[in-house]
Amino acid sequence: MIAMFFLKFTAEGLSATSYLIGSGGEAVVIDPGRDIDRYVNAARERCLAIKYILETHRHEDFVLGSTALKAQTGALICRGRNDEVLYGDARLNDGDTLEFGGMMLRALETPGHTMDGLSFALYESGHPDVALMAFSGDTLFAGSCGRIDFYGEGRKAECAGMLYRAIHEKLLPLGDQAILCPAHGAGSVCGAGISDRDETTIGYELRANPWLSYDRDTFVRNKAAEQHLYPPYFRRMEQFNSTGTPPAPAGPKPLQPPELAEALLEREHYLIDTRMPTAFAGGHIPGSLNIWARGNTVIPGWLLEADRPIYLVTGQPGDVATVARYLARIGYDRVEGYLCGGFEAWQNLGMPVDHVGAISVDALKVMRDVENIRLIDVREPHEWQKGIMPGAGMRFLGTLKDNLPDAPKDAPIAVTCNVGHRGSIGASILKNAGFTNVYNVLGGITAWKARGYPVVIPENKD
Amino acid sequence: MIAMFFLKFTAEGLSATSYLIGSGGEAVVIDPGRDIDRYVNAARERCLAIKYILETHRHEDFVLGSTALKAQTGALICRGRNDEVLYGDARLNDGDTLEFGGMMLRALETPGHTMDGLSFALYESGHPDVALMAFSGDTLFAGSCGRIDFYGEGRKAECAGMLYRAIHEKLLPLGDQAILCPAHGAGSVCGAGISDRDETTIGYELRANPWLSYDRDTFVRNKAAEQHLYPPYFRRMEQFNSTGTPPAPAGPKPLQPPELAEALLEREHYLIDTRMPTAFAGGHIPGSLNIWARGNTVIPGWLLEADRPIYLVTGQPGDVATVARYLARIGYDRVEGYLCGGFEAWQNLGMPVDHVGAISVDALKVMRDVENIRLIDVREPHEWQKGIMPGAGMRFLGTLKDNLPDAPKDAPIAVTCNVGHRGSIGASILKNAGFTNVYNVLGGITAWKARGYPVVIPENKD
Amino acid sequence: MIAMFFLKFTAEGLSATSYLIGSGGEAVVIDPGRDIDRYVNAARERCLAIKYILETHRHEDFVLGSTALKAQTGALICRGRNDEVLYGDARLNDGDTLEFGGMMLRALETPGHTMDGLSFALYESGHPDVALMAFSGDTLFAGSCGRIDFYGEGRKAECAGMLYRAIHEKLLPLGDQAILCPAHGAGSVCGAGISDRDETTIGYELRANPWLSYDRDTFVRNKAAEQHLYPPYFRRMEQFNSTGTPPAPAGPKPLQPPELAEALLEREHYLIDTRMPTAFAGGHIPGSLNIWARGNTVIPGWLLEADRPIYLVTGQPGDVATVARYLARIGYDRVEGYLCGGFEAWQNLGMPVDHVGAISVDALKVMRDVENIRLIDVREPHEWQKGIMPGAGMRFLGTLKDNLPDAPKDAPIAVTCNVGHRGSIGASILKNAGFTNVYNVLGGITAWKARGYPVVIPENKD
Amino acid sequence: MIAMFFLKFTAEGLSATSYLIGSGGEAVVIDPGRDIDRYVNAARERCLAIKYILETHRHEDFVLGSTALKAQTGALICRGRNDEVLYGDARLNDGDTLEFGGMMLRALETPGHTMDGLSFALYESGHPDVALMAFSGDTLFAGSCGRIDFYGEGRKAECAGMLYRAIHEKLLPLGDQAILCPAHGAGSVCGAGISDRDETTIGYELRANPWLSYDRDTFVRNKAAEQHLYPPYFRRMEQFNSTGTPPAPAGPKPLQPPELAEALLEREHYLIDTRMPTAFAGGHIPGSLNIWARGNTVIPGWLLEADRPIYLVTGQPGDVATVARYLARIGYDRVEGYLCGGFEAWQNLGMPVDHVGAISVDALKVMRDVENIRLIDVREPHEWQKGIMPGAGMRFLGTLKDNLPDAPKDAPIAVTCNVGHRGSIGASILKNAGFTNVYNVLGGITAWKARGYPVVIPENKD
């Protein structure tokens, strides 16, 4: 009997999942991310030769590592048809099979999320009639399914119909027993409401996933009604993923406080402070944007131009490499420096320090009731629809910079979100835009609700 | 939605699998092994309070860590009824449920392998009617099912019938979609022919596991016909697992060669050389037993009395701690010393060196044909039944010491097995018994077959 | 030739240095700290048997690990004469020698810092007349020498004279070539002005250490004039170090926010928030004490009773174990719980949040000039003597709780120190004492000076 | 006070030592090896900008990493005058100084070992008159000093005189107190009899290093009488180190046994078995060369052409990367594959297996006395001069292949060395040259002497 080896890699924050399956000395990798060392090392440790690199589709939300992984291992890249994708050794059609080390993968055409969408069913060669696993890309997720809005409003119903068919005619027929391995977990921008649970099967989804309980018309109607945001960096990811993995960026350089100060004199840069909102509130370098460490997995895709230098201020020295890796995964390669010794080194030299307010929901309540402080909710539309604080203005974080509050620059303004992370980003954006009296709400709507304060369902967004 | 966290721990060699499931700040551990730090650390990293410790049954093949884990975490131990087991906070009946952090486990009585056998079905609280996972203990494995011979020959049919019912009336009804999580993987002594693959579901087993294709009578007949060995250490494990986890042994002490030589003057000890058979053949300390490092997970249970001191000679310094941990898992706590610098330090002082022969199958063929060298196969009966080298005597390794070949002490004797690991143990046993002209066959029957040499099916064992 | 192996272990924060010297299969450990695994593992990796445990004196500032290390290794504890110390296998006199693996250590009586002070000179056996290394305990440091105030004001001159003699008659005669290995590095409470550099020799100190340039009278006079603080925990350390290493404390338990809230209802506990002052300023749990992570190496010795439970709120999950280890090193063993998810988990449930102000030195300047805000400097007397901000009140942190500012509870008060760490502790102490308008000065006097603001030398302390 | 940070990096086997000194945010690296990640990571962790890369001379025994480190960090390369070295940003003269972060390095011209030899004295800026450390390159070692034979027999006295002057006029005047940091430790090919001890000072060497006790004439005479070998790879290293660090080699590929067998059909390759001699004796792939893992740090420089592919058979999977790194350090970049599963995978397929004998010194004694077995000692001349086994032929390992024993191919021949490592290499060379009856002596002359067997001083070498 041939030992099967199965490994799941998760790019945290992005919630992008890639897989390595090994058997009989050979391996395949599905949807590799840019940091390919993970796959190379895992294969090397087990003396597996990577034979195939499979892509379920041209991902929009992260840089694929396929061509880099091929360059290092000689594996063949296999994917579906997509005339824009310029690389790849084989274009698979529905039913095509790939064999490796006593196992077999069958390609299933599952368009809908994208036109080039493929899924893969995994079989042991001794049991070619019963699928062990299903790699469903962005077609079917635990508790959810892929978004279908990439081809414009006019084609949403068409795409939703294709997705319905892909799920019902290609994936469900694999049988209840098949272990389901999607390309994303909870928190991905590629699907709404994905379950925060990695383990599932086709049969479990059939019973527990609400989308699988709908008939075709309901599915299409609900799917078409879904609101998804389209971060500007998606366009760039598509370009990367049409032409191959960009070369690895150089690591950021250590900068002493005066060196950073000098670098900041140059125009057109970003200074990202990756500390938690409370720390940012307590003191930060003027002009910095407060994107907490893990938020750098996705949020920069909304806020940052890719061609400007980025400087980092982190709470922990180890966060520099982590955040730079996060940024590289979504194509920000110009992380040029980081502050030695963090904010403390800056403050200890008496260099300029700025603040934003950080307030509890209790304090907010008082300030709303007594002082009538302005309040902005920077979450996404689908979050607003589940309830906002009464009177909150709705301005999505991703476009806040170009959609500033219509208020005097010295008016007190509170910014809120789900727990206070994005609120602090929003507060830093307002600060950089000239507002001088800005507060972030610690705990956001989560704490507000926990305190039993009222929420209202907005009629339409700001 | 509450994040579910699932972790599988494998005790290599023993192929014993334990599980930690976390959700909503709480966790359960199923069938913990003796080295409980693995669970404690995993829970601590994720800030999970371990609420329940579950045992699927009183294991025979390793020391359970339940009482030690309880002492450190305060978790409650829940298990089935077994009057001999003196600890435990709750005895579960069929259908009893345990809740933790938004999930639910339901106990299923699945006797057969042992009378106190329980399985557990895992549910999300939002879907109490569809099992996400099934923890099947030693009842159902990937590709196999539990042995049923623990209550004697006379009760094998009865136990097999119970096991059939447990599988068909308790586990299969959970549905194809349930992910199957057994207590053992490939190589375990608790079941024959377990698949070398961790991932499976109830539905996949239903189609791919031959035991699930049998009707009741065939199942019972085939099960009763299975031959399993019963290592003497099982009895000791039962005792440990009735009274609770023994205290952790002290680590072995470093010994310089002269110190080891002095320690070996004391009677009644074991000197285990954990290097590979080729290295042992090339030179070893007289009197040593050649159990390769990983072989110490199980084989000592056949060969060693638990109350004698053990000394180690390892190929790598790091193997000392690994092998001592292996031995502790099966209750050998008297690993008192190890040789500093390994065999090389010994040899470099000109201290006595012994050898066994190591021969390829080609060389064996010649020696058989030309010199009529004696040949002993030390594998297990079920392995012999699939074919042995023509003329090989069959003497199981576990009882070889008391069942020595009937041959002059200076007659050439070759020992063989599957690949040459156990052959070298056998060769070292013969050497220690006074045989002077002993060979181990490198590659064993595996290499023999690969060369196309003939095998025969034995009529009955030696 | 016998390989010599030399390893230095530093307990950060405490700046306590211990040493392991190995040669020819044997090792000695000098001044082991409580976390003895470091020595045991280092010796085990190199197959060294620890033969002797040496103490340069009964340390006052951390828990020694001698008896625990002896229990695990069987090594003999050797130290100088001290009737209060109840353990130890040999009491060494001046000139006594210990041999191990081809090396020799000679004891040198070097009282002054304490009466039982020993130093050790290390020799290769082939060169018994030239010292390779000098282990000088708290007698001589890089750039400094030991404090001499432990026996009271009345004996300072006497002790200083003894120390002078120890240095000049015992250590310097070892020769310029001897590598100097003291028991403390920069930042220790056992000596003032220790160089922030580990590498030195007797000869380098002779030329670069100002204390070695003084004649006897000047030395004694200057030494006697030194001001040192005596933290209350010293007394406890002396007790521990007279009777042996206390058993290891249990690890703290994870607590969800409501569990922590409940635990805090019990009286007589400490809630330590180990985040940086900016984060503490931005939001914290009411009643918490803000001792930044590394500050827990020493500062609790001033502030905490040892018999009360301690709860931790940390910025990083990994800090829990680190801070608990720091606390254990100075004898605080009742770290009973830590907050799962840190402060964010607390805030997200809408639980009570408190703040202190955090201001830059620029802001402080304005607040002093314009609003006449009160200002307290919580540093140590020897720091004040080098200059304070004009008008600052001097109230040492260690006694601040019992020496509160004489001001209305709602008066604005700024607390300052060297860089803002201790200032935040002071601010949290004032907050807990009922002051409602408290600020910590970011960067403290360091930033103040960097901005060119004036400092004054105080006439005498507050 | 500015914290000084000092780190020593040792390339094991080569015993090449490089140093990183950090202070005040800046660092220098002295004599970097090819694997520059060590320096880059150490600097990054401490936020040190590497300002200067210093070379004490053009090393002959390993590939320098200077130009690669410069490319990654922007540091300037500073070294002495050597017209053949084509890179470098500054050529230093005696007395030139470099400042970094509050410290100062002064260049000292110390030719003798090579004409471009520099040493460096390190000073704290506050103490510019007393050297803290001396980086002595290959001029002065612990217990020894550099070889002086690189410019031919005719210039040995001249070079020895220069070295004497360098030591006495440049290094010793730095003072006893200076900590000595040479470029090599024990076992280096760049000096004979280096102490197996890292810690020393100028003053300690003055008293304990025999070479410093000689007057000039004796020094020159003894130095000129030293016999050193000149491995062929030195020439290649000089070339590399004149033109800059070669690009990093690709990692070796995993090969299944049949793939390796096929690769070996190609001519002109090396198959290196890195297991210990006992394992090699017990079974190996025909045609392999038995260079134990760590032996690959130096010995391939004698035996291997650099332009042929190398394949590895290792005892541990982790040894593949280690051995490939060793080989890269001495310029062997064509490590193209390694055997998956090691020798066991090969043997288990019944593929051809070869053996050499491995005998204890006791067995050798008998075989010498009784069977008159031939005996070859493959050590170096300076080792022979201290005694060989009676009647042993002396044929240095490095030239054995071209200097085969004058004996029938089927005559029994034993090969010996110091402990049996090189003996096994020699045995494998003889085997590959067609000798069929070859033995390696376990423990070599070390075990022989430990048994009290006689040794003789050879009159002149074979």
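Order of writing sets the labels: A, B, C and D. Residues in every chain begin at 1.
The criterion applied here is as follows: contacts are C-beta pairs under 8 Å (C-beta built on N, C-alpha and C of every residue); 3 or more make two chains touch, one makes a residue touch a chain.
In this text the structure is predicted, and so the values were computed from the model without any measurement.
**Student:** Decide which interface, A-B or A-D, involves more C-beta pairs in contact, and give its chain pair.
**Tutor:** A-B
**Student:** By mean C-alpha coordinates, which chain is most distant from chain C?
**Tutor:** Farthest by centroid: B.
**Student:** So what's the Cα centroid distance for chain A and chain B, whole Å?
**Tutor:** 43
**Student:** Measuring centre to centre with CA averages, how many angstrom lie between chain A and chain D?
**Tutor:** 50
**Student:** Could you pull out the residues of chain D that touch at least 2 other chains?
**Tutor:** Nothing qualifies.
**Student:** Given the complex with chain A, which residues does chain D contribute to the contact?
**Tutor:** Interface residues on the chain D side: 25, 43-45, 47-49, 251, 253-254, 256, 317, 340-341.
**Student:** Quick check: in the complex, which residue numbers of chain C touch chain D?
**Tutor:** Contact set of chain C toward chain D: 1-4, 6, 124, 126-127, 129-130, 132-133, 175-179, 186, 195-204, 206-208.
**Student:** So in the complex, the part of chain D that touches chain B is made up of which residues?
**Tutor:** Going by the criterion above, the answer is residues 275-284, 315-316, 343-344, 347-350, 352-353, 355, 358, 360-363, 419-420, 442-444, 446-451.
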